[in-house]
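Next come the structures, one after another.
Same chain, two partners: chain A is paired with chain B first, then with chain C.
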Partner chain A sequence: MADLAIAHPERQAAAESPAQLRQDRLLSVGARCALPVALLLGIGFLAPLVAILGYAFATPRSFDVFSSFTLANFATLFDPANTVWLSFFWSCGLALFTVAILAVVAYPIAYGLNMVFGRWSALISVLFVFPLFVSENVRLYGWVLFYIRNGVLDGSLKWLGLPGGPEVLYTPGITLFGMVYTYLPFMLFPMTLGLALVPRDLVDAARDLGAGRLFIWREIELPLAMPGILIGMLLTFVLAIGATAEAKILGGQSIIVISHDIEIAFTYSQNWPLGSALAVVVTFFIGALTLFALSKLDLDRMLGKR
Partner chain B sequence: MEHRRTKAAIWAWTLFVLVAIYLPIVCGALASFNKSRYFGFPIRTYATEWWQKTLDSIEIGMIVKTSISIALLVTVFSVVIATFGALAFARYEWKGRKLYQKLILLPIFFPQPVLGLAMLLGFNAVGIQTSWMTAVFAHMVWIVPVVTLIIAIQVYGFDASLEEAAYDLGCSRIQVFREVTLPLLWPGIWSGMLFAFLLSWSNFPLSLYTTGADSTIPEWLYAKMVAGYTPMVPALGTMATLGAAALLLAGGLVGILARRRAAA
Partner chain C sequence: MLLTSPAALPDPASPPKPILQLVGLRKSFGGFDAVQGIDLDVREGEFLTIVGPSGSGKTTLLRMLAGMDTPSEGNITLHGELINDVPPNRRPTCLVFQSLALFPHKSVGENIAFPLKVKGVDAAARKARALELMRVVRLPESYFDKNVMKCSGGERQRVALARALAYDPEVLFFDEPLSAIDYKLKKTLEKELKDLHRETGKTFIYITHSLEEAMVMSDRIGVMRAGRLVQVGTPEEIYGAPVDRFVCEFVGEVNTFQVKRGPDGAWNGTDVPGTFTLQPPASGAVLDEAFVVVRPEFMRILAPGESADNRLEGVVYNEYSLGSRIQYQVRVGAKVMLVELSRGRALPSSADRRVTLGWDAADAFTLES
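Coming up: the complex of A and B.
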């Protein structure tokens, strides 16, 4: 090989330079591949947020975006007499409960998908994904048909000669139920990815060395699966903060959640600047939380490991 | 012994949750076969007349067409953009990658009703009239990141030296992409396409604010749920669900067959 290289020094140089070129280009190939996504998100995600910010500082009840500047909208929001804070607390409280309940509901399933179900895992995953392809309106309305007076539950109980079902519709409790129902997949799949990061050898080794099940769970499984569990919790929390359909369809507007307040400002009261100011507050809250959590994650490890 | 009992408990719990997940969908299907206009259970007389009325309705026909057009365009655009996006996410080592990986998640970690409203404001600020075409764009903002992640998972399992080998054998950049990269990523791209179509098909919060005077199936259903219930609501809802199930089933079968053929 060495004499070949000596015999054709110019050929070797020629063979090297395209590779060299490719190496140089490789740095920018990634950036170029990212360009369409970046453009889309720049125009479709960042620009609307800027528009909201612009509206938030516009004269109340006007459409003078970027031409007027006032803090009046924020002053209205931060006025303690405003009921917006009540909505905000409802949304946060419901979101926290949703996350807590879902963590308990989804953990055994995520564990099962990784360790118990074997060849059934794929099918069970698909069954859990599929509801995402059915509009949440349709699914939540199905629950209305289930719980409503003379509905599936009430009607069946009466048919059996029992006094009939409880009146649960149009309460905060059923709103929480609806949120737990809707956001299950968003907790389940990150959690499953997280649990897949736990090496089984490690668990087996710990068991061979005499560790108890609770000890293994607390010292090995939980810490190693934490990135996935945290992503699931964050995702559910953020989506639940913005949820409106559950409170409207199942909750019958017995409570007003924060996104509903934003919507009311945009539609009935025709006060876009006030709605925008509220949206800005919510966005900052969610953005700060998300960016903080995402800055601590290594996505290559989470998604790349199979 | 105890171990087996744990496994049984996990199976039982999972099946219970699955039943709960599909229960409301079944309730909707039941309501659509009820002959009388108002729902009562047990159903006295079953009838398919509301299905017939739904199928005959010209208004619903237009809405279905709008939903399909949006979903098809979203699928085509999203998959092209997301395939490159996934290569940037997982294949290439480049300067801004870590930042890009996180920024792409932001639209997923954002409440859709607020995102929809923000986009309505954005369209309004630059003077674009909203219609089903603006909804295509709005759906993409959320769906492209999701599809990028799905394809990226495939890219992680992809052996980059195969591309290098093709280059060394004298292939051009386009040839390598067409003959090596695309076939290897195909399973991920195929899942991405199914996700893109079905997520657009079922989306409500983004459509609500960005379709303007046009209406999609979830929007129509919501409007009728709030005011003016007829059994056509569960009928159309059930049809949309069955359509999604049929597409997922067909898509899954094609995927499995293609993999078998590739393996053979």
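Coming up: the complex of A and C.
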């Protein structure tokens, strides 16, 4: 076939009708339909990223975007004297702990939604989604009122004649609590979906072949639910590493997280190039981590489709 | 010595002792009785098939036997021990699911070795046993590491079978495992399953909606309808002496017509013309009205002068080739009768030919209508 095409190039050219040539010049129907969305994405999503990238290489403490090029901002970030690594450490650590705690907390709920709650599952799911309708900051201030001295917890205990609640507010621990609370739905729903993908037949069959509950969980349920669990973990990790409100509101700035550092650079210190450089580093770090995880996470193989 | 006492020796005259006994077994879901009172003795080492249309309760019955459902009433005993509430993982029984329920994230070998892993058998012994079982079910050894989802329908069937055998159950249950397989392969697998039953000597309880499948494989067949066992017997008994119209029609295509006793005591056809000589019903009941069943293979097309106990005049409407046999559709008034002849006795030209159908009284069943 290929030989034929090479031997008669003139015949092939003659076969192309004028209509076909016109179609080659213009965009295809699909591309034309996608144009509005592509423009919107270009302006709304890509442009800010390009601007950030531009600022990252601009002269420190200036607004000379795209007109200057320097690596000074990155040099500042990687300077051992800079303590930004501490914020980075806090963000990563808190995100890791959040994911670990969520995995343990969400699994039984996801299991319940699939196997135990029956017709109540829909209602219970809605209850878990409901807090998302209220602004995150408002919800976090709600927790402040709950834990603050003479607040809901402390006040109630004192009213009952007890010594009063523990001093938990404005500590790294309460920040972690806030993050677990905020990101629970983002772990729960992918996990529920993952568990829903485990056919009941397989569990019945494993049991019939002599397996006990723990063995079935380890050999059948967990591996088959893994795609959902891993997606939930990835999602909550990415969200948690960019979290600021919990550390600011509940943690009372007892610790500074990386996104808070970026915010300070853009607002208080008016050093957009440094903030941009930090944002670029964090974005690349999370992006690389996500791509690495996704490449390891072969969903088809896990589900046995291939 | 107890072991050498005559009682301990098997008595060749008596039938094999029941391994599984069902007494008054009943299962209700809400107000609906899926299984309504089943008594059955399953003999050790037999191939018993429960056959019935969908919704007859056969799967519910099997789930109770496998331990996945608990009976609402009645008892299941295995070797004389009550097992009603014994969970499936503690029963020496194993079910081959309709979906086969193979573990998609495990290889062929891992699937087969699963019950051995549960028992804590070490990896080398597991592999050896799995390969041995793969030979038994005729799977090539190279399949050991193959992804089970990449196997064909027939191969998956064999994997599921090998996995069940790896559990080494005393009784194997099958829930229509061949229903999704093409005809030719199904025929092969049916025979293989029967061979396997012989090789292993285990008790097989098989469920299907296809009596044809049941006939090929079974030592005994139980016909189920609306939660009850209508008839239990050997394939010959089911085929040759069906207890009622349901079993009769379930067994295959049959010719049926109604008869009524005339004032002179003779049986007159109600929906076909003529007077007929019939056998008394097997139930021994004295009837005024009855229902006559003649299988297509017992109907003959009479040559001039040929005699038969009963005859009907009709016109051939169509013929269907069944391979080695030919089936003719003969219209007798408004009634359609089927006649099957071997190819050697085929009519030279059939369409619109006037024929006389004949059959002997001994080849027909008389049933209560």
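Keep this in mind: the second predicted complex is superposed on the first by the 252 of 306 C-alpha atoms of A that agree within 3 Å, B and C clash if a C-alpha of one lies under 4 Å from a C-alpha of the other, contacts with A are read in each partner's own complex, and residues count from 1 in each chain.
By our rule, a residue touches a chain if its C-beta (ideal position, glycine included) is under 8 Å from a C-beta of that chain, and two chains touch if they have at least 3 such contacts.
The shown structure was predicted, so the numbers you read here are calculated from the model rather than taken from an experiment.
By the touch criterion defined above, A:G54 reaches chain B but does not reach chain C. Within the superposed three-chain model, A:F284 lies out of touch with both chain B and chain C [touch as defined at top].
By the document's definition of touching, of the two partners only chain C reaches A:L224; chain B does not.
Residue by residue along chain A, chain B and chain C are tallied for touches, and B comes out ahead. By the touch criterion stated above, A:F45 is placed in contact with chain B alone, chain C being left untouched. In the superposition on chain A, A:F89 makes contact with neither chain B nor chain C. By the document's definition of touching, neither partner reaches A:F292: not chain B, not chain C. Common to the chain B and chain C contact sets on chain A are residues 303-304, 306.
Chain C makes touch with chain A in their complex at residues 66-68, 87-89, 93-95, 97, 99, 101, 103-105, 114-115, 117-119, 147-150, 163-164, 167.
In the complex of the two chains, the chain B residues touching chain A come out as 7, 9-11, 13-14, 17-18, 20-28, 30-31, 39-42, 80-82, 84-85, 87-97, 100-115, 117-122, 124-125, 137-138, 140-141, 144-145, 148-149, 152-153, 156-157, 167, 198-199, 201-205, 217-218, 221-222, 225-226, 233-234, 237, 240-241, 244-245, 248, 252. Taken together, the chain A residues at the contact with chain B in this complex read 22, 26-38, 40-41, 44-45, 47-52, 54-55, 63, 65-66, 105, 108-109, 111-112, 116-117, 124, 126-128, 130-143, 145-146, 148, 150-152, 154-156, 159, 181, 184, 234-235, 238-239, 241-245, 248-249, 259, 262-263, 266, 272, 275-276, 279, 282-283, 286-287, 290-291, 294-295, 297, 299-300, 303-304, 306. In the complex of the two chains, the chain A residues touching chain C come out as 199, 201-202, 204-212, 215, 219-220, 223-224, 302-306.
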